[in-house]
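Shared chain: chain A. Partners: chain B in the first complex, chain C in the second.
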Partner chain A sequence: MDARQVPAPSWRRPSTDWRSDPPRGDVIVDVRNLHASFYTPDAEVKAVDDISFQAVRGRTLCIVGESGSGKSATARSLMQLIDYPGQISEGNILFSPGAGSAVQDIAAMEPTCEEIRAIRGRQISMIFQEPMSSLSPVHTIGNQISEVLEIHQGLKPRQTRERVIEELRRVGIPLPEERIDSYTFQLSGGMRQRAMIAMALIARPSLLIADEPTTALDVTTQAQILDLLAELKEQLGMSLIFITHDMGVVAEIADDVAVMRHGKIVEQGPVDQIFHDPQHDYTKQLLGSVQGGATSRNRRAKIERAAASPVVRERADPAITEVTERPLLSIRDLRMEFHTVAGGLFARRSKKKLEAVKGVSLDIAPGTTFGLVGESGCGKTTLGRCILRAYKPTSGQIFFDEAGREQVDLAALSERELKPYRARVRMVFQDPYGSLNPRMTVRQVVEEPLRMLDGVDSEERGERTAVMLERVGLKRSAMNRYPHAFSGGERQRIGMARALITDPSLVVADEAVSALDVSVRAQVLDLMAELQDQLSLTYLFISHDLSVVERICDDVAVMYFGDVVEQGAAEDVFERPQHPYTQALLSATPVTDPSARGTKGRLTYQP
Partner chain B sequence: MIRFIGARILYVIPTLFAISLISYFIIQLPPGDFLTSQIASLEQQGQTLDPAYVDALRQRYGIGEPFWVQYGKWMGGILFEGDLGQSFEYGRPVTALIAERLPLTLILGVTTLIFTWVIALTAGVYSAVKQRSFADYAISTVGFIALAIPNFLAALLLAYAGFTLFGASIGGLFSPEYANAPWSWGKVIDLMNHLWIPVLVIGLAGTAGIIRVTRANLLDELPKPYVVTARAKGLPEGKIIRKYPLRIALNPFISTAGWHLPSLFDGEVIVAQVLALGTTGPLLLGALKSQDMYLAGGIILIIAVLTVIGTLMSDILLAVVDPRVRFGKA
Partner chain C sequence: MVDQMNPAALEAPPTPRQMRKARAQLKFLDGTASQSQLIRRRYKSNPMAMFGLYLLCLIYFTAIFAGFLAPHSASSTSADHAYQPPQAVHFTLEDGFFIHPTESSTDIETLQRVFVEDPDVKIPLTFFATGDEYQLLGFIPADVHFFGTVDPDQRLYLLGADRAGADLLSLILYGGQISLSLGLIGVAVSLVLGIVIGGISGYFGGLTDTIIQRVIEFIMSIPTLPLWLGLAAAIPPRWGITETYFAITMILSLLGWTGMARVIRGRVLQSRGEDYILAAKLDGASHGRIILRHMMPSFVSHIIASMSLAVPAMILAETSLSFLGLGLRAPAISWGVLLQDSQNLQVVANAPWLLMPALAVVLTVIAFNFVGDGLRDAADPYGK
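Coming up: the complex of A and B.
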C-alpha cells in the first residue's frame, strides 16, 4: 500500500506440504517454522524468526520472554492479528479445534478473510494485558460480550442477556445483573479483566491465548485471575497459551514452557525441567534474576551494609540510638486530601473528599533503603510526592534532618524556602520513556537540576554531567545524544544520573524498576546499591513488587488505603507478617518454583 | 439528566443577555445612524432634505435617545411582542423580511450541511483506513485545494461554467420565469439546477477541515487495543471501524455539531452575495451597509441565539452519546 515500503510477500504463498505430515491428534496447534516480520520503509524487522512449537490439548503452554522477544507477535500470529505493517511471511500454524477434527493452516489465511473470522472468538479467543484500553469505553460490557454470540451464533442481544449474565457470574463478577450494563470505567481493574475473560470464553473456544493478562494488575488481583483461569480451563476443557515475562507466573500455572529471545525459541520443555534443569544460559539468567544469583549477592551486601550502619545497633541497643543517630526523614501524622467533583447527569454533582494519605508516621534512617509497598491506589505514590513537596500535604510534618544542617519541616516550607531542598531530595520515575524529554539531549536532561543552583557555570555542569554518566555506567559520549537512542535500562540510568547530579541525600524511587525487564532490573538494582555505598544515599523505594522490596530494603512499610498497616525491618515483615493484609499480600505473590505450586494457601484480606 | 439540562439552560440566560447587549452595542458603534447615511446618499444624488422633516423622522424612530433607552425599547419589543422592530430601508417589519427569506436559506443550509458531512466523513474514514494510499493523497489534495480557493472566486468560476456549459441562468436560485411563480415541480427542478453551485462551493470548502480531523482522530483510534479486541472476536473490518473507533473519533464533531445551527441561518453571506441568492446573507450585508440597525440587529441576534442553543444541544448530545461524559469521567 505504501510505495516506499519494502515489498512484502503476497498472502497466498506456496506453503510446505504439511498434509503429508499432519500434526499429532493431541496437539491443538502445531506451529512449524513460523516467520513474522514488520515491513517498515527502511527494513524488514523479523519479530518471529523461524520458531516451531506445539500446544497440547488441555495443557497450559507458557511463552516467556522479555520485551521485544517476539512473544506477543507469536501469540497474535496464531489469530492472524499482527498489526500492520507486520505479517506472517513463512511457515504453518496448524490448528485443529477438537481431536480428529479437520486441520486448518492459519498461516495461509488472509488477515481479514471469512475463514479466520470464523475461528476468532469462536475457536480461539484472546485476552489482553490492559483491560481498560482493550475494551471500548463507550459500550457497556454486556454489549461487548453479547456481540460475540451475535457474530458467531446470529443471536440478538436481548436473546443472549441471560447467557451473558450467567457468564459474568461464572467469572466471579458480583451482581452480574447490574454489572452487565456497566461501562469499563465503572469497574475495577480485576473486574474488567474478568469481563474480558467472560467475553473471550462465552463462545466456548477450544484455545485461549492470554497475552500478559495479569501484568497490569495488582499482585492480589493477579493471584485471583490466575486461579480463575486455571479453574475455567479445567471446567471447560480448554487449552491455554499464556504469554508472560514473569517467571513467577510461569511457575504458578505452566505445564509446558517455551522461552523466547530475539524472535527465536531458545529452550522449550515441561515446566519442571525448565525450572530445575535449564539448559540454555538465557533461561538460567531469567531464573537467576528472580531466584538466587544476584539476590544472594545483594542480600549479603545489604546485610554487610546493615551491620556497618548504626541502624542495627539501634535495634540491638535502644539506649545508644538517642545519642548516635536521628532519622534522616521523619514523617509525623501526614495527611493528604484531594477534592474531586463526582456525579453526573443523573446524580447530584457533589464534591468528594478523597483521603489518599491518612495520618502516616514513619522514620527513615540515613544510609538505608526504606521500602514502601502497597497496591495501586493505596497512596504510596502520593506519600512520595508529598515528601518531594510536589504536593502540599493537608496536614502533618515531614522533618528532614541532614547531618551538619538544621532540621526543617518540609511540609511547612514555602516554595521559595524549599528551593535548596529541591537539590537534596530527588526522584527517579517509573517510566523510563515518559520521564525523559525526547527533545532534550542527555546532557540537557542531566544537567538541568544544576541550572537552578547558583554559581555552577556551563563548563562545570558539563564536567559533572560527564562524571555522573560514567558513574551510572554510561559513556561520556552519551551526553550529546537524545534519549530515544537508549534502551529502557539505559534510560533509567539517565534518570538516576539526573536524580544524583545535585548530590542529594534522599532519593525517592517511585516504582523505579517496575517497567524494566527482569534481567535489566537486576542490573539497575545493583547500580542503585553501588551508588548508595559510594554516595551514602538514602532511598525511599516505592514499589508494588514485593520480591524486589524484600531483596533490597532494610525497612518496610505496608500501605493499605492511605494507612500504614505494618512497618518494621524487612526480615520481620516478610518472614513474620503481623497484619492480615500483609499476610494476604505475601500469599498472593507467585513462588518461583513449580513444585511448590498449591502448597501455599491464598489468604484474602477484608477489613 | 434533567438537572444537567436545567443547569445548562440557566447558564444560557445571562449569556443571551450579554450577547444581545453586545450586538446592540456593535450595530450602534459606527458614527452616525440610518438617517445620516440616508441623507448623505440623497445629497450625493443632488437632493436636499428639509431639516424639520429629518427631525420628525428622528423623533419617530427614537434616534438620539440614550443607549439604554433604545436598547430597552428594542428588547422589550422582542421579549413581549416578538417584534424585532421595523426596517428603515424596507419600511417593513424585520420579522416579515426574515421570514420571507427563511425557507430558501434553510434549504441551502441543510443541503450544504448534509453534502459536506456525507462527503467529508466518507472521505475522512477512507483516507484513514487506507492511510498513505493514492486515494488518501488524492482526497487530501482535493480537500486542501477546495479549502484554499476563496469561496467567492469558486462561486464565480462555477457560475460561469454553469452558464456556458449547462446554460443555467446566473444569479439567484431560480430562473427568471420561476422567480415569482408559485411552487410547482418545475420550480423545484429549477431550484435544484441552481442550488448545486452554492452547495458545491460552500460544501467542498468545508470538507477539508472535517476530512483532516476525521482522518487524524481515526488514525489515533485505529491502533488502540480495543480495536484488536474487536478483531479478535471475529468481527468484519467494516463493522469494527463503524462500531468502535469511528464512534470515538466522532466525539469532537458531536461536541461542535451545534455550531452548524447558526450557519444554517446566516445564509453564507459572501457566496450568497456573489451569486445573488435570496437568503438572509445578502439581507444582513445590505442592512449593515446602510446602518439599518433593527434589521442588522435582528439577524445578528438570531444568529447569536442559535449559536448558544446549538452549543447547548451539543453538550446534551455528547452526554447522550458518550457515557464517560455522562458519568463525569472525561
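Coming up: the complex of A and C.
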C-alpha cells in the first residue's frame, strides 16, 4: 500500500494567496495555518494541526511541548525535512532572510528542489538532539564543517580550513587547530554539540533551529551550551527557534514562547507573560510541574510525616539517628572494576582496568528516599546495579538489614543464596519502552517475579497482579494487553507494579522518571510517594535531575567519577553545598523564572 | 411503522467471518493483539508474500498427494513411448476430453524417433480415472487418479516422457516428495543445531563463544562443493533409497547449520543487552527460562524468516548433488535425479521437455524466497 498516493502533494496544492497580506518586516518566519501529517496505512496522523506563529528577527522563540506534541515536526517542516511518510499538507511558511528581502513560501517548495537546498544550511540551519548520530562517524569534524562552505561558498581549501578553525574557536572548542582533525568519537558530548553548532553557523544563517540540543547532555554541559547559543545569537544577529520540553531551559533562553500540545499551539506570547500570567490550563500544568506546585505536595507530606514519626524527628541530630535507627542498607568501601578486553585468537587478554565505583560507603535509613545524583558516567548506575547484584562488586560489603531478619552481606552471596533477596530488593528501570518485553502481556511481565517464590499458583499470581495493577493506578483489564498499547507513563506504572509485586523493602529507581514528560513525571512521582507511605518502602533514587531529587529525597549523595564527593540530608546539600563540584552542579541547573535570568553566576569545577 | 424499516434493520445479521474480522480489528485497537498477530497482519498486506505462500501451499499439496494427482505411477514405463513429446488435450462437447494416440518410428536417415498422431482414434480422458495402484499418504491403498485415461492400459503424456517412456509429469510430482521434504528436514536439523550452538555461544559469551565461532569459521571456509562431493562419494553405493536419502540430508544439514547459528548468536547477543532481560534476571528467572521464554519469542519470527530462505538453498544443494550423480541415484526420484537426463546436450536438443523439473525447482525456490522476504519484512516493525 503506497501511502504517498493518498494525499495530493502539498507543492501542487493551490496555497491561499499570501501576497495580498505579506508578513511584517521584522518577522523572519511567518507560519500560517500549517498542517503536516504522517500517512500510515491505517490512518492519517496529524502531527501539526493548523498552527500559526511568527518568529521575530533577532529574538529567540521557544516552542515547548511534551513528546508527541508536534514540536519537532514543526521544526522540520520549516526546512521541508519531515521524514517519510509525513509531509506538509496545507499552509504557508513565509521566510524572509533579511529585512526587506524577498519573501519565499517554504511550504510550497518541493522537499528536494534547488530553492530549498539554497536555503538549507545557508539561511536556515538546524542542530539536533543527539550529536553523535547527527555527525558522521567516519569523517573528521573539520571535513564535515567544510562541506557546508564548499556547497554554499566556493572558497579555496586553505581559506576554508582557516574559516573552520576560526569557527571552532568561536564556539569554544579548545585547541581548534588540533580538534579540526578529530573524529566525533574522540570528542565528549558537549564538544560534539559545539562542533554541530559550528557546522550550523559557519554559513552565517539568519535563522537557527535548535531541536532539543541539550536534552542528551549533562546539566553542566547544558548550561554551557545554552550560554554559548545566547552569546552567538547576540554576536551574529541571528534569530533562534529553540525546541524543548524543559520549562527550565525555556526560562533560561526564550524571548517568546509557543506552547504546543497534540499538534496545536495552545498558548503563545512573551516569556514573562507565559511564566507569570499563563492563561491556558496546560501551560499552568507544565509550569506547575517544574516550579514545584504539583509535587511539592509530596515534600509537604513528607515533612508532616517526619514531624509525626519519632524516628525521623530524631534525625535532626544525625549522631542520635545512627544509634537508634539501624540503616536498611549500608555500603562499606564498595569497589567495582571493569576490564576492557581485546580479542586474541582463542584467549581474551584483559587490557585495561576501569574503576567505575571507587570505594563508596553509604547508609540508607528504612522508610526514606535516598537520592544518588551525578552526571553521566559517574558510576551511579553501576553502584545501583551492584546493590541489585546485577554485577558482582570487586570488593566491599553491602549490608542489607531488614527488621526481623538477619543481616546479610549481599556482595558476598552466591547466585543461589541471593534468590530470596531478589524479591526483597527490586528495581524500576529508566526506559519505559526497553524494560518491558514486547512479546509478553502485562500480566506475564508483572507476575514473572512471583514465579520464583514457592507456593504461588497461577490463580493467586493473577489475583495479586490484578491488585497490584489497581494499586499503581491501572485497570484490571490491562492484564491481557501488550506493552505497546500503553503510553510512557502507563508503562512506568507497569514497571512499578513489577517491582512491587513481591512486597520488597528496598526499591532502586534508576532514573525512573527521566524518560517521562514533565506532566507525567509529576504523576509518577506522586504515585511513588503514595506507595512509599502505604507499603513502607525505602527508595534509592538514582538521577541526574537535581530538581527532582531536591523535591523528593530525604538524603542525598553526590557522585563524581566513581567517588561520593558529598552526602547528607537533602536540605543541607542543596542549601549549603560544601564540595565545589556540588556547587557547580547546582549553579548549572536552570532557574525556572525568566526574570531571575542571569542573576546566578555559573561555577565550573575542575578537579 | 414505515420509518422503522430502515435499511440497516433489513440487512442480514453479520456472518461469522465478519464477526471474526471485527473482533480482530478491535484487538489491534485495544492492544491485546500479540506480536504474531501484528506480524500476520503486516504479512497479509504484502501481495508478493501472499502469492508466494499460496504457491508454496500448492506445491506442497501436489507433493503430498502426488499419487492421486499423477496420471501414472512413477515406475510405470512404456518402451514404445520413449521421448514421447507432450501431448495436446482436445475437447469436444460429445466426446469430452480426449487425446490422439501416437505411433512412433525411427527416421532412417537421421535415426531420430518420430511420433505421428493418429487423428482418427480418440482416447477418452476423465476425471477420477482408475489407473495404477498407489498408497495415498503412504498408507491408504488407492487406484483413483485425479485425471487420466478411461482405459487404464492407455497412456497419457501431458509433459512428455523420459527415455524409458515414463510420464514426466508423474515423475516431477513424485520427485517433489523427496526434494521438498529433504529441504524441510535438512533445515529442521540445522535449525536445532543452530539454536543450541548459537544460543550457547551468544548467551554465555567469552571463551565458549570464541571457540564456537572459530569452529564455525573453519567449517564455513571449506569450499562447499568439493566437501559435499567427498562426503557424498563416501556413501556406500549398496545403500538403499531411504538410507541414501537420510545420509544426504545429514550431510547437507551438518554443513548448513553454521549460518543459522550465527544468526541466532547475533540475536541473542543483541537481546542480552536489553533492559527487559536484566529485569528478568532480577526477577529471579533461570538461564534456560531467560533464553527460552524471554529472548526466543523476540526472534522466532526472524528464525522462521531465515529458515524459509534456507530451505531453497537446501533444495538447490540436493538438486546439484543429484544432478552430478553423487546424491540420490535412480530408482530414487528427485528433481535433481530427473535433471540428470538432461546432462546430454543432444538429448536436450531433441527432447527439451526434459528440463521441466528445473522449472519446478525454480518455482519452489522463488516461492520460498517471496515467503522469506515477506516474513522478514513483517517481523521488522521499523521497515517501510
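Keep this in mind: the second predicted complex is superposed on the first by the 566 of 607 C-alpha atoms of A that agree within 3 Å, B and C clash if a C-alpha of one lies under 4 Å from a C-alpha of the other, contacts with A are read in each partner's own complex, and residues count from 1 in each chain.
By our rule, a residue touches a chain if its C-beta (ideal position, glycine included) is under 8 Å from a C-beta of that chain, and two chains touch if they have at least 3 such contacts.
As the structure is a computational prediction, the values presented were derived from the model and not from experiment.
Peer 1: What is the contact status of A:426 with respect to chain B (first) and chain C (second): first, second, both, or neither?
Peer 2: It touches chain C, and chain B stays clear.
Peer 1: Is A:451 touching the first partner chain B, the second partner chain C, both, or neither of them?
Peer 2: A:451 contacts chain C only, not chain B.
Peer 1: Based on the superposed arrangement, let me know which partner A:183 touches: chain B (first), chain C (second), both, or neither?
Peer 2: The first partner, chain B, only.
Peer 1: Touching A:481, do we find chain B (first), chain C (second), both, or neither?
Peer 2: The second partner, chain C, only.
Peer 1: Answer with first, second, both or neither: which of chain B and chain C does A:388 touch in the superposed model?
Peer 2: Second partner only.
Peer 1: Identify the partner contact of A:102: answer first if only chain B is touched, second if only chain C is, both if each is, neither if none is.
Peer 2: neither
Peer 1: Can you give me the overlap between the chain B contact set and the chain C contact set on chain A?
Peer 2: In chain A, residues 1, 343, 345-346, 348 are touched by chain B and also by chain C.
Peer 1: Would you pull the chain A residues touching chain C in the complex into a rising list?
Peer 2: Within the complex, chain A contacts chain C at residues 1, 41, 84, 343, 345-348, 388, 390, 419, 422-423, 426-427, 429-431, 434-441, 448-449, 451-452, 480-482, 484-486, 498.
Peer 1: Could you please specify the touching residues of chain C with respect to chain A in the complex?
Peer 2: Touch list, chain C to chain A: 30-35, 45, 206-207, 210-211, 214, 274-276, 278-285, 294, 297-298, 384.
Peer 1: Give every residue of chain B touching chain A within the complex, in rising order.
Peer 2: For chain B paired with chain A, touching residues are 1, 3-4, 130-133, 223-226, 228-237, 243-244, 247-248, 319, 321-329.
Peer 1: In the complex of these two chains, what residues of chain A are touching chain B?
Peer 2: 1-2, 76, 79, 81, 83, 112, 117-122, 125-126, 128-130, 133-140, 147-148, 151-152, 183, 185-186, 196, 199, 341-346, 348-349
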